[in-house]
Amino acid sequence: MESLLVLVPLAAAMGSFLAPGRGIASWGFLTSLAIPALAAGTAMDVYQHGARRISLGGWAEPLGIHLHMDGLSVIFLIMTALVGALISIYSAFFFKRDTARHFWPLWLLMWAALNSLFMVSDIFNAYVVLELVTICAAALAVLSGKTESLQAGLRYLMVAMAGSLAFLLGVGFLYAETGMLDMFMLSWELQGGPVAAAAFGLMTTGLVMKSALLPFHFWLPPAHGEAPAPVSALLSALVIKGSFFLLLRLWVGVFEPAGITSHAAYVLGCLGVLAVLWGSYQALIQPRLKLIIAYSSVAQVGYLFLMFPLLCTVPEAPWAEKAWAGGTYQAISHGLAKAALFLAAGNLILSTGTDRIHYMKNIASRLPMTTFTLGLAGISLMGLPPSGGFVAKWMFMQAILESGQWWWAVAPVLGGLLTAGYVFRILGYAFLLAEKEPRMLPVPFVLEKIPLILALCSILIGFRAEEIIFLLQEHMLWAIEVEGDS
Amino acid sequence: MQIFFLALACFLILNILAGLWRVVQGPTPADRMVSAQLFGTTGVAILLVLAQALEAPYIRNAALLFALLMIMAVLSFVRKSTPKQGQAGNIK
Amino acid sequence: MIFDILSILLCLAGAFFFLGGTVGLLRFPDNYSRLHALTKADNLGLGFIVLGLVLASPTMPEIIKLGLIWLLALVGSSSACYFIGNYIYHTPSQEEE
Amino acid sequence: MHGFYIYAITAILLFCLGLWGLAFHRNLLRKIVALNVMAGGVFLFFISIANPDQSGEVDPVPQAMVLTGIVVAISLTAFALCLARRIHEKTGQNELDTSCSIEDGDG
Amino acid sequence: MALFLDILVAFSLVAIAWRIMRAPGHFQAVVLFITFGLLLSLAWARLNSPDIALAEAAVGAGLAGVLLLDTLRAVAQPGKVKTGAHFSWLLLPCLLLAGLLTLSIIHIQPDSQGLARAVEAGMQTTSLEYPVTAVLLDFRGYDTWLELGVLLAAVLGLLCVRRKKSIRAPLLPAPAEPVGRWLISILLPLILLVGGFLLWLGAFAPGGAFQAGVVWAAGGVLLWQAGHPSLGALPVSLWRTGAVLGFALFWLLAATALIRNEPMLTHPQAKAWILAVEYAAALSIAVCLTSLAIGGQKSEDRNQKSEVRDQRSGDRCQITNNR
């Protein structure tokens, strides 16, 4: 089942590369039918039987590479399956054949790489998978061929390459210290000390560069703002989550047991708060809808990093579960809402030919469904009940108050206000009456429905919080859990 | 004997280091390319000597590859640098 | 023993030619003479070193491989010399980049 | 034993010099070359830990990792160079603009 | 003496890297980078890693130099050499980082064996004889598979940037004078032969799919440099198949293992399978690297008009339904 999560998109990628004819989108359709089913199957498996691993090639630790599935990876897998499948269907109607020929193989390869990344257990394998994600993401970002997107894509590629190399050097340090590559074994073997600390610093920096946390956020807005809408949605909703997921895995699974995370966690937390404030402020003043959404990603990524000071400073803190749930919820609800927003922005551009928000007047009456989508996704971003974003921030606030580190509350409170600011700015223009009716093309039905479904999902996951949190709680401390199993 | 070969390798590396002066100094790209070609041949020699000194015969294959492929950079260098209006370019 | 000494002597001769090539590269006044110094001395240098190593290395396949490497280096170096010479000859202005 | 430290420290220096070059240069080609120097440093580190006492047996796992890394690095380099050339064709520039355009978005 | 050699190699590497960063001219930097590759392969040779030395020799001497020099020529801007001089202070933090990392290196116990013992144990059961090849194809075959994916993705990205169906680089006219032809006629068969030799060698000694693939790719680039029409005459479908073949065989390996109800990528005992995968991987590496090296060229056979049309069609993604 888990292996198929990688095998199916890879087969489809090869198929779409070898047979780039008229029916190229059917490869995407088939994959988007199969992957959610497979992800759901894997989730049920983990839900019932707990975390599990498979050894690829039949080679046991420490020699072979393993795939590891627990609550965290299953949640990210499901999010990827859902968002990926919906964006695939959108893309099938969005791209014309010239572009589709380039889009499908790259996206399907990237889908396989992302699925593999969410099951990763070997740190060098993580490097290879990250590079696969990076190169696919960079190539997708330049899909439109515009000068700005080329520049943004190359900037992203270089930042990501530097980040990967830092990560790889960190892998070298860990290997030098322990002689192992498997995270599961490292979580027992790794002791503190200068070598481990160096590895920790290098790997964290590399992944933070790829996740676009504040000082390294500069590549994100142009790369995500200039790409075609489905690609922006993929990059914002999924690709950033990949490196964040790996960072979370490493911190909680490997470095926290070794006791070297505590001070760095505060640094990441501070950067996260700054990212929330700076990203939201920038989103408030951007002239283009896609740039607003891209800067909003900078801010929302900031929230994710609040997890680290809450999780990794006090060992076995009682509030850890809530912080854990808050962060994961933030990741998935942001993924869904951000994909919805970018796709809605794509519809807007299809209809009006521009995404400058001054030209967005009167879209509420002309494109009601798209406007509704923007509003729903905005609710989730702001964290209003009953959305998934609300659950995330609620959990975060509880964890923050319980931990007594009240200063982190700045981020959810102020950030929520600023988010409300830019969401209402968008909606405000949408409901303004235009002096003169702008020319608008109709948007096909499917293209309007898909962002709506995504936005609805980002609200609806707020109602299913218990199951998701159960899945997380049961299998949160992955190393310990598996230790019990094997 | 081993020490002699190691010393020989060191001497040849020193040769490369000295030749770097020409790369840095130039003055023309052709000078730099000439130096690179010298380094290539010297590198082949060093690899052969190291293979002998370290008793690692497979290093000779690396020397073989260098001898085989060093010309590619030169071909790339002269390819269209030759001015198009020139009547008798080396590769027309 | 006699092979060892001969091998050392040949390698030293090779090293001398490499030194000569480097000195030529550094000291000769213009492109063409540098090219000349380099490729001639260089290949003789490699040739002597290969000869010296042939005397030191025991097996036949290795000897053939060494000979092949030298031949390839000769081919590569001489044609590189030709191409670069041609390039210098046909490039009117030689300014940097 | 000393050899290990020599090569490991060299590797670190190469990595940091490459990092500096990446930040220092505005020219894209130079940035890509700097990235490759960084990669060389990382690979040297791997091989220096694979072979700590410079003789005897060598750990094959880091060697395999470096081989993988070399192919990954050359792929990424080729792709980055292609992007740089395309940017040059379109703008005549060998550098990246720092500003984000306020032109219309693209679909 | 060995210690002196180590110090010398290390010093040269750092000195050249420094000079690469500081060089005022781009051409100088590229030539220095080629030299850097040479010295790196000396370091690999010194560190008993002939596999890496082979790969570095082929990549550094052949492909990287061609890629960088071609790009440099394509983007040359006479009289416009600008470095971000105002960022030179960044050297300080970088050196600080180097200092910190060096401090932690001192604490590494270099006598730890890593996974060498585990590999030795694994060699008892695997059907491959040479440890590095066994790690690449068997123990950590997943990495190799995905790395073929990275290569493929790079080619796809290149096609995406160039908006091409396949790599059809502008072919140069055949070299007019005898030296070029003579050179190619000598080197090409040798390159094919050496590549095959390395592939064969990989079963039991340093060598294997990577090295062979890179050498063959160098042969392909040489063919192109010589203006030989054979690359352009390659049918698109054949080219695609070649690029994807190694990846596809790995996929089959993974899928058949699932069918046999074993973990993904488990090798069947038949050695022919592994050899088939390795040979296909070498072929795909060759095809992909050749494409990467020559596919970045601007198509010069197209006229200006088609270029403009191409840009326009790329600029706006439209929906099929609208039409």
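By letter and in written order, the chains are A, B, C, D and E; residue numbering begins at 1 in each of them.
In the analysis below, a contact is a pair of C-beta atoms (placed from the backbone, for glycine too) under 8 Å apart; a residue touches a chain by one contact, two chains touch by 3 or more.
Because the structure is a prediction, the values reported are computed rather than measured.
Chains that touch both chain B and chain D: E. Number of steps on the shortest path from chain A to chain D, with steps defined by chain touch: 1. For chain pairs B-E and D-E, the one joined by more C-beta pairs in contact is D-E.
The mean-CA centres of chain D and chain E are about 13 angstrom from one another, to the nearest whole unit.
Distance between chain C and chain D, defined via averaged C-alpha coordinates, is recorded as 32 Å. Chain C and chain E, compared by their mean Cα positions, are separated by 28 Å. Touching of two or more other chains is recorded for residues 2, 25-28, 44, 46, 48, 56, 81, 101, 105, 108, 110, 112-115, 119, 140, 143, 147, 150, 153-154, 157, 161, 183, 187, 190, 315-318 of chain E. Counting partner chains per residue, chain C shows two or more touched chains at residues 72, 75, 79, 83, 95-97.
Shown for chain A are the residues that touch two or more other chains, namely 94, 124, 128, 131, 135, 138-139, 142, 144, 146, 150, 175-176, 181, 228, 350. Looking at which chains touch one another, you get A-D, A-E, B-C, B-E, C-E, D-E. Remark: chain E residues 100-101, 103-105, 107-108, 110, 112-115, 118-119, 121-122, 138-143, 146-147, 149-150, 152-154, 156-157, 159-161, 163, 165, 237, 240-241, 244, 247-248, 251, 254-255, 258, 262-267, 311, 313-322 touch chain A in the complex. Interface residues of chain E, counted against chain D in their complex, comprise 2-3, 6-7, 10, 13-14, 17-18, 20-21, 26, 29-30, 33, 36-37, 40, 43-44, 46-49, 51-52, 55-56, 59, 63-64, 67-68, 71-72, 74-75, 77, 80-84, 87-88, 90-91, 94-95, 97-98, 101-102, 105-106, 108, 110-116, 119, 131-132, 134-136, 140, 143-144, 147, 150-151, 153-154, 157-158, 161-162, 210, 214, 285, 288-289, 292-293, 295-296, 298, 315-318.
Looking at the complex, you find that chain D touches chain E at residues 1-10, 12-21, 23-30, 33-34, 36-37, 40-41, 43-44, 47-55, 57-68, 70-72, 74-79, 81-86, 88-89, 92, 94-95, 106-107. Taken in their complex, chain A has these residues touching chain D: 94, 124, 127-128, 131, 134-135, 138-139, 142, 144, 146-155, 157-158, 161-162, 165, 168-169, 172, 175-176, 181, 221-222, 225-229, 287-291, 345-346, 349-350, 353-356.
Contact residues of chain A toward chain E in the complex are 3-4, 6-7, 10-11, 14, 17-18, 20, 54-59, 62-65, 93-99, 101-102, 105-106, 109-110, 112-113, 116, 124-125, 128-129, 131-132, 135-136, 138-140, 142-146, 150, 173, 175-181, 193-195, 197-198, 202, 228, 350, 441, 444, 447.
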